[in-house]
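Each chain carries a letter (A, B, C and D) given by its place in the written order, and its residues are counted from 1.
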Amino acid sequence: MTSVGAAPGVAEIAERTRAFVRDVCLPAEQRFPGPELDRGLRAELQAAAREAGVFAPHVPVEFGGRGLDISGWSAVFEEAGYSLLGPQALNCAAPDEGNMHLLEIVATDEQKERYLRPLAAGDVRSCFAMTEPHPGAGSDPGALATSARRVDGGWVIDGEKRFISGADGAAFSICMARAQEGATMFLIDAENPGWQVGRPMQTTDTVFAGGHSEVAIRECRVSADAVLGEVGEGFGYAQVRLGPARLTHCMRWLGLARRALDIALDRAAQREVFGSRLEELGLAQGLIADSVIDIEASRSLIRWAAGVLDRGSHGRHETSVAKVFVAEAVWRIIDRSLQLTGGDGVTADLPLARFQNEVRSFRIYDGPSETHRWAIARRASRVRAGERETSPD
Amino acid sequence: MTSVGAAPGVAEIAERTRAFVRDVCLPAEQRFPGPELDRGLRAELQAAAREAGVFAPHVPVEFGGRGLDISGWSAVFEEAGYSLLGPQALNCAAPDEGNMHLLEIVATDEQKERYLRPLAAGDVRSCFAMTEPHPGAGSDPGALATSARRVDGGWVIDGEKRFISGADGAAFSICMARAQEGATMFLIDAENPGWQVGRPMQTTDTVFAGGHSEVAIRECRVSADAVLGEVGEGFGYAQVRLGPARLTHCMRWLGLARRALDIALDRAAQREVFGSRLEELGLAQGLIADSVIDIEASRSLIRWAAGVLDRGSHGRHETSVAKVFVAEAVWRIIDRSLQLTGGDGVTADLPLARFQNEVRSFRIYDGPSETHRWAIARRASRVRAGERETSPD
Amino acid sequence: MTSVGAAPGVAEIAERTRAFVRDVCLPAEQRFPGPELDRGLRAELQAAAREAGVFAPHVPVEFGGRGLDISGWSAVFEEAGYSLLGPQALNCAAPDEGNMHLLEIVATDEQKERYLRPLAAGDVRSCFAMTEPHPGAGSDPGALATSARRVDGGWVIDGEKRFISGADGAAFSICMARAQEGATMFLIDAENPGWQVGRPMQTTDTVFAGGHSEVAIRECRVSADAVLGEVGEGFGYAQVRLGPARLTHCMRWLGLARRALDIALDRAAQREVFGSRLEELGLAQGLIADSVIDIEASRSLIRWAAGVLDRGSHGRHETSVAKVFVAEAVWRIIDRSLQLTGGDGVTADLPLARFQNEVRSFRIYDGPSETHRWAIARRASRVRAGERETSPD
Amino acid sequence: MTSVGAAPGVAEIAERTRAFVRDVCLPAEQRFPGPELDRGLRAELQAAAREAGVFAPHVPVEFGGRGLDISGWSAVFEEAGYSLLGPQALNCAAPDEGNMHLLEIVATDEQKERYLRPLAAGDVRSCFAMTEPHPGAGSDPGALATSARRVDGGWVIDGEKRFISGADGAAFSICMARAQEGATMFLIDAENPGWQVGRPMQTTDTVFAGGHSEVAIRECRVSADAVLGEVGEGFGYAQVRLGPARLTHCMRWLGLARRALDIALDRAAQREVFGSRLEELGLAQGLIADSVIDIEASRSLIRWAAGVLDRGSHGRHETSVAKVFVAEAVWRIIDRSLQLTGGDGVTADLPLARFQNEVRSFRIYDGPSETHRWAIARRASRVRAGERETSPD
């Protein structure tokens, strides 16, 4: 099953990405048993991606990328996600990819040169510091507790963060804090002594460069030009970032789900049970078909939401619906694939158990499925209430 | 929740259809308690649809329609399906709509004038005679048993059909029979003495004009020009008809599912239980959100498959995947809506129990879900086998 | 699949019931196409049941029954439910069966002679009047609005009821009303002029004798001895009735689900598709196996809850869990069976579509699944909170 | 939620086990972060269990156990499974527990003294060697490839095994091999030079003492009295072992599922989101209730199957149905619990992600869910065919 129907230009880059992943990333996976990608391997893969003409597909041409729109990302990121190494090779992994997008839209020209350019080039990594220990910002971002107060010539930030993906090794952070005027984003350099990256959290996933860390922010002084966008507009920018960011997770993980299905199909074609090839047994076919349907529905929802974003909407409804569906579908697909591979599936001989551990948290981060369902239902009630008012129905 | 993102032109017709259904069809439903739409009401609604500029959106302009492509149908048919009366009002109900499409592509000019023109105008109804009693053509069309043999100046057809939707009251049938050269389609006029419409089958649905009948075909003589398309090409044409036909079922029933959700939302907004409005209770919100997600995934799959058909593909994979998903999603949505309305839902005070009876068979006709899953799985195995051959993976 | 493991004595009555249903009830179904069982047929079947020694298995011996405990009912009622006619033939249909149980426990000796004896004998029918129009007693019984005020020599009751199963044709009602001292149960004779049975509600089920009616209670005078049990204890008695009553629904409907599966198995054994018997196709086997699992899990939960009731507990947790699971399982089983029978399943040639309409409301009455889930979750939290307090964990 | 309704005597041992697990095993879990239980800790826990009077509940009194029947195991093993350390502490972990049961039934008195006594006492561990590399014995045990040929004074065994749980560190193996007379079981001492335990397989679970290993059996000579039971009866004995063995997995894992739910309940009671305690939010309550229902249905199915085994049946149907349901239910319960704990759930701060990795393979070993469904469906068709033959229905 492969991605079809993408726009011309996009189709070609997607096809090249597909070949690159197959020829370069899949073989390299042997050298990445986890838990984390080696810097040298990362640089090597990024160089190869540049040479293959598939590096940074989402980055504007002026910053060294291919300048695709979000619909274009759908096809390419899915191909990249087919390997755990693909997104880093193309420099379109989270959280860097979302940060690039945000910087492109909100940052000043100076900030772009200083932060976006090296990030887009793959020279540095970054992180996005929003989540806090309970009862701070979590499922409910409004609970933001990190504070920012104005001081002479800048700001002083204080607070606790956790689950900060990529903090360990990042050159800078986009950090959310509460100023008097409201939530505000700050660019904090990693060498700032007030920015203290703590213990890595032991999560089941391994594919995020730098893992996920706790961060203590202590009397952290930044200058006035460290503010990203307008003071007090942080939640708005978070939405600007979040819509595409949750959708790009969907794209990449859908690629991995497709990979899982392919692994299962390969085995089902070879393995004989009770005198038949596994792929000819109806109960196995049921698992396969359900996964194909999940893949196509996921891809269709992603394409729809991407189109809405490309037409300039914030796409809150569309990305929320897509996120819930895809996060759950990806989980099901990998689980069915593992089931199809039997005992081997739960060993390290196949990567499927690892895949399951990689994607489990996707149903939780960027909003747990339950929070999204809650929001989706309330929105539906609200929209319908509006229709009742304007309609004789 | 309404359909968004349709192409311009289409959007306007969809919007007009939406208004037409709300202003004309929904009020008229009081006059259609079932089991079957009165001819007078049908004519009245079609006249109103013509006046509203929404009649026959799928029919070429030269035959009196709006000439939309299949992607265009998606938005409009969904709006039509919001009322059980909508599709007949717009003359886009099954099986006529599929027959129009088939005639447009395959019929000779003479056949078009004789059969397509009055059908497109809503002056007559038609039927499609393929399904046979066991062990004839059913889930497995290859079991076709009705025979056609050449005689002087034409053909003689013999066989048994059943589940022939709309046969009772149809002006003509497109009938599949097995000639020496292979499966062949014939145009049979209803007045042909060899065409004997038998008992109406008592099914749970009521919305198909003419219901579903058994038909005996006895020494049924037709002239040589009754052949539709080429002799022996019947199965190919059946596919030409089936791809869009199963997708238009999806479009229409999705509209009905949206209606069911709206009924539930309206009630959830008014009803208080345990001191809260029903729409504010989390378990109700879960049902609502799952239905919204099902609607959006269904619509996305339909749009994807329609686009593939519009680009000239037979779309076998895409329409099959969409059909399985949408048929099951529509069922779930109506079921959840009924659950949200409590005791009232199972009474005739609300139409939801009826909706459930209308759509139950959609998981069976045009291929049961299980047959589609079987085909989807085998196709996935085949495609993947091809990839293994051409890839070093 | 048949019920096994029942206690001796019970096993024999269950076996006889099984034979009775097969030999007497199933053939009689031809004479009961719906919507409601004819009085003559009912009397004839009850006479036959008496002769077969299977009449009133749940009724104490002194009132003419077999005196089984609730665990014993499980096996017998399931066998009875295998036919839509079985429960009435054995006089163990709702709501009479629940009323008999309640009268046996709460009624005075005089009330037993006057109401329980003829009811247990099948000479009369009864009803239970609790549910009211919104915003009265419904999912939330505490909203009870019907009033009872003391007058000289008795009471005057006023209110509105709806969904009163069996009211049309019942000889008497057990009616819940709110006295000053709290909710109270009253025995009201049908000929009381203040008891006005209104329109039958058009529901999708047909198997309840007398259907479901609205009832207006207008200045309804009853004497002091019409009170059932103690004044103010109505909610407690409702629980006494409800625990077993919701469990007996589970027992009977499980029988019908088993019947549905048998119909599907019979067809799957005969029907050939794509060159195989349907029962040999993996996707059909998946549907069959899931239904077998649902049947066994349902039966195990019923047996567990019945045992708890027999040991004297109110069994609120157990009957609630069993009710949610079984109501949903029965629905799934019938739906899969219908799917296995293809087109025939949605016609009146098979009873499956009717079965679906009969059981749809079971997920709603006696507490909608969502209300039960809510209660189950809160109870779990409460129990766990107690464990936390008493444990070092 | 705790286990209720167990027989007297059993209830008391279950209660003591519950206290033992809470007071001894749960605190000790800090000392067992995985991947494998230390010998010292194991001995310490077993000594404590002996002292608490809960050691070896399934072992006959004459061999030092409590002599419970299989129904009795249900309650006690579930309590033991509440901690990952419980089953080893009580010496009722797989595969030893199943081996004890088999030895008790099949072994000679001498074999019992030599193998069962030290095993029951916890002095040694054992393994069961049946599964082979593809295309040998796996889902289809009939494919057994390991050979046993008679030689002077005994046998020589040759073959390959894999997924041999506990082989590393076991004192002996019960090994299945194909003699001329048919499949036969042999007792092989670990020091036999022909018994070569190979690499540990890297599986996602960690709780099985000794992990799972590949084993090479090379010219492995055993004496004539190494045969367990009769020559050629191996498959029969495998069934004797497998029925209870798959059920005891259900019992133990159900305990872990209950633990997972308790962890989630504890957190839902403390955590506030959007202004409410998590346990008061409907969508969380839905997850909780579904898990409670899964727990009760699992326990009811286990109790039913255990009763059938205790009455002397092989219980193939019952244990198969219970195994499919419980393995899938346990998976769902842990997954929902993890979802309820949000981000913390995927970290090592909570054990839930580990639990998920522990139980994933239970849907595969002892027969994958799909193989069981296949067998269940075929059995249902067979049973129904028998009913058709003997019934006028």
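Here is the rule we use: a residue touches a chain if its C-beta (ideal position, glycine included) is under 8 Å from a C-beta of that chain, and two chains touch if they have at least 3 such contacts.
Predicted model only: the values in this text are computed from it and were never measured.
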Most distant chain from chain B by Cα centroid: D
Chain pair showing more contacts of the two, B-D and B-C: B-C
Geometric centre distance via CA averages, chain D-chain B, whole Å: 52
Gap in Å, rounded to a whole number, between the CA centres of chain C and chain B: 39
Residues within chain B bordering two or more other chains: 281-286, 373-374
In the complex, chain B residues that touch chain C: 131, 134-135, 138-140, 162-163, 201-205, 271-274, 281, 283-284, 287, 338-339, 342-343, 345-349, 353, 356-357, 360-361, 363-365, 368-370, 373-374
Parts of chain B lying in touch with chain A, wherever the complex brings them together: 1-2, 4-5, 22-23, 26, 261-262, 265-266, 268-269, 279, 282, 284-286, 288-290, 292-293, 296-297, 299-301, 303-304, 307-308, 311, 318, 321, 324-325, 372-374, 376-378, 380-381, 383-385, 387-388, 391-393
Sites on chain A touched by chain C in the complex: 281-286
